[in-house]
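These notes concern the structure reproduced below.
Every chain is named by a letter (A, B, C and D) in the order it is written, and numbering of its residues begins at 1.
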């Protein structure tokens, strides 16, 4: 299948299978990393995204390959969804030369692949809003029809850059999508304690743009609203603020004891992979998962076997030329 | 009269007279400074507020003396309204030791008088939002019932600090008033070109706080809405965003040729002093104006006659003690 | 010392905070996770004792946090804010280096203004380029703030006690790698290390090492190693970067006639630049060789633990530089 | 020089911009008032020629502006943004010193990334403590950016031409007091002053003055004054602060054996600290006296014109320091 297929509002069977495959790869990486961290071989900081994969997978499925993605980086659903392979991701998490950043990125991920529009992350949360607007403006100036999507968490919606950027993007009708994954937590602080609104989408009103709330555990629902937002953006109608209600299954960071959370918090958890799986035959789902697990395992082993980066890596890529 | 009188929702005759007197003083300072700048004796940067005085006078009349004011500083209505005398203002504009900042402030004003709650200005616009929240939090922690008011322009509503601060102030129901003077311009850029909304008050919805629009040329109307907002704040009901629609009669800075503005832009101007004057007897208004002009003139002459600050002023007030 | 306990660096900061908060109602603490999580443990239990009115979690908004501190300070409170990471000084630059630093000056006021801004700084095995920086040089360049960097648990307590009594805003840099290191900490609630005073951690005659924070310990190790070669380093822990204890520094340099600066912050235009420039200005004719700098490499910090380790001074580098200083 | 015209410093920057924009569609200009007002005149008429699609007024949002530049740059455009005032570097610190400076590095990418960030710097008779700062030292400390400060109209054009062809982000500091100063400017559309090259503005033998920006002219005046006393200063205009032209600087210092740095930025931990520290590191045994610094006082800049003038180096101070350097 090619990426065009998934740009229709209801994805076809192939598109759903691709989404499932990518979600399964993400899940396999999540499980692999969780084990890796438990085994204590990890120098970076890993923010697990297991259970929160549907938003990234659903939203990226609605994007064209050359659309610009800026992600926040709980897990890796966004990067995998946009088309990155497991190898550069795992290589990176293990700090190996084959990783996307060649050893410079890691747990607070900085994976990128400009050739498929994965533009990267800013580890100072909220810093990518204006960058995404810059990419959107570039697209507008060149008339390419590309859109830019900025993914962020509910806590990160408090950053001033959220406002400064949307003031302009909405005034100028830039092809920009704000995509919030609201998991109701910022580390150990419940959102409601530090936010005047449960719904991040409520901020849309002030900017006179649509604010859309969607079930973020349901990849197809996310796909749908993102497709609509992108269509608006490409038509020159400006930004949309999408809020996906998602579930943080694990601690903030790998190893977080989560003393701050009720012991039965998992009762309301719905698994996004299972949800999406209902749209596939049982066999197909099992096959895709098995394949994903195997792919990830071999990428993991290859990365493990690799030598550490050369010392002079530290002086590379600072200046071009 | 004492400040308690003006805290009722409809100000009594004395309160109106005091507002008029303070507006007349502001006007006289504006006229004096405009002349002074034309005569080229001014080293600072003066942002004229003539014609835009009603908002500052009306809002400060609704405040108690110990309420905290952070102003933006187009003209001096806010400082005079809160009770500062002409002498420290003019002394400051002329850079004299008698000025409130002793020669350190000036055209981008930094007048302050903590004893009457005039806390000052940040010349990086929008920087006082969180400061005002800090003062509001201080009041809450001490249980004094004071409120804090942050005054700002329509352009300055785009700053990220606007958002970061209101997220918290609204979530925590801090006794904070946002008071926007929307004159539809930021220097030579029309607001509508860089803003998704004509009404700054529209941002209130996202924070789930009241957003109130008021005729900013009408001091009594401003007084009224501010009184209500302050009552809410003191009652623990949280912030209000007030937007006063005001008129920028002059250029952005003294001497601005305003090439960017229609030649007949003054047609819709309504003078706030005249408007407030209709609530006074003609004689009383004329007397108050005459007195204000004389007071300002003598403060101006006294400041002019003063020697420049001592050179070692530059090393003072950097550290305490 | 009279009565001491073995306490971690972060817990020592916490002790100072707790005892000050018990006595002084105007102190409150604010930052991301200070009530629910704690900044790597320093204020554990703080919210339990003082309640969430005085120990306040904020949302993700460093500019707001620092600006709020400035506003609360001029309204007479003593805010203590934890900025999470030194790197985030650049997110709240206006609020820290314009507002906190010069609000009084630009308003022509001579009034107390207390605020403690905590910046955990430095590498910690893979926190990456935007969560590992040593940004203390910013507080040296922009006047109006005091700047401290404790290197021991005792100093963490003593300098925090001092910061909480200081009538000027203080940038308090806590060192990430020291967070859980234990030390003997005076039990005295009012244990006080004055801001602006350095101390000699090791007396010596061959050369003076000016250092602070994370580099005190490797410098002392280097000194022990070199002692075997007959090179006798004096190691001064500056503890405060604003003001710097110039009398102590210059007396030592005039005696040893050689000086080097060691810090984790990046070299170019870092703290060592000022220290070296000032020493040669003031003591040029006492110097027998140039003032050397051993400092972080001028690159962002990679997340990979091994690559990261190459970016900051090692004991071996300090030893090599000291040999060059004394023999070369 | 072949063909030159008398042009103001700001207009010379504008010439470079206009000719580059005519040839290169990927360049656009953004900032507060760049379309409607202009940054003190530099881009007058720019919006008329290129339209408001490419010459874009923004709202009051420095962090957005700089972040947008980073995003547009990685999307292949060449943004030119005017930040209004050097002081505002502290408002957009994260975007400039984390994002523009290290986006590529932290993503492990070796790709071009062009962006020109214009910072008008320095006093201009009463703009006050938050509109007068020289903040160029920030770009020296945080790696990943190039940093220039032209001191003449010709350099303003030549360095802007270079910046617009540079595959790395450039902090372009324009000097407020020079904005309307005229100079002979080469008519050539491609007049190019390479980034990283300083120049000798006055050859001399007694001592080397390292300066740039607003202090070049007072340094030259001081040199003329001192020439009458037999002190023959060499005055080097650094033009670029990242990278600094160390070969030029060190060759000169090794010849004159004396050096001083003159800049308007504040002294402590300012650009001169790095320059002095580096010179004594590299050329200690060639020096006959300490490297001196004549710099802005370590205080915020008062708005009062007279007080302000006391905060920045005067020709008399430069003369006095040079005398001390050569005789004292």
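Following the convention adopted for this analysis, contacts are C-beta pairs under 8 Å (C-beta built on N, C-alpha and C of every residue); 3 or more make two chains touch, one makes a residue touch a chain.
Keep in mind that what you see is a predicted model, and the values were worked out from it rather than measured.
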item: Set of chains whose contacts include both chain C and chain B; value: A, D
item: Pair joined by more contacting C-beta pairs (B-D or A-D); value: A-D
item: Most distant chain from chain B, judged by the mean position of its C-alpha atoms; value: A
item: Whole-Å gap between the CA centroids of chain A and chain B; value: 45
item: Between chain C and chain A, distance of the C-alpha-averaged centres to the nearest whole Å; value: 36
item: Cα-centroid distance, chain A relative to chain D, in whole angstrom; value: 40
item: Overlap residues in chain C, where contacts from two or more other chains coincide; value: 58-59, 61, 63-64, 87-88, 91, 94, 98, 102, 105-106, 128-130, 143-144, 299-300
item: Per-residue multi-chain contacts in chain B, two or more chains; value: 101, 103-105, 110, 122-124, 158-161, 164, 167-168, 171, 193-195, 318
item: Chain-level touch network, classified as line, ring, star, complete or other; value: complete
item: Chain B - residues contacting chain C, complex; value: 68, 70, 99-105, 110-112, 114, 119-120, 122-124, 127-139, 141-142, 148, 160-161, 164-165, 167-168, 171, 316-321
item: Residues of chain A touching chain C in the complex; value: 42-45, 95, 101, 103-108, 110, 122-126, 155-156, 158-160, 186-189, 193-195, 260, 308-309, 311, 313-315, 318
item: Touch list for chain D against partner chain B, complex; value: 32-33, 35-37, 57-61, 63-64, 87-88, 91, 125-131, 297, 299-300, 302-308, 310-311
item: Chain B-facing residues of chain A, complex; value: 158-164, 166-168, 170-171, 193-197, 202-209
item: For the chain D and chain A complex, residues of the former touching the latter; value: 28, 53-54, 58-59, 61, 63-77, 79, 94-95, 98-99, 102-113, 143-144, 146, 167-168
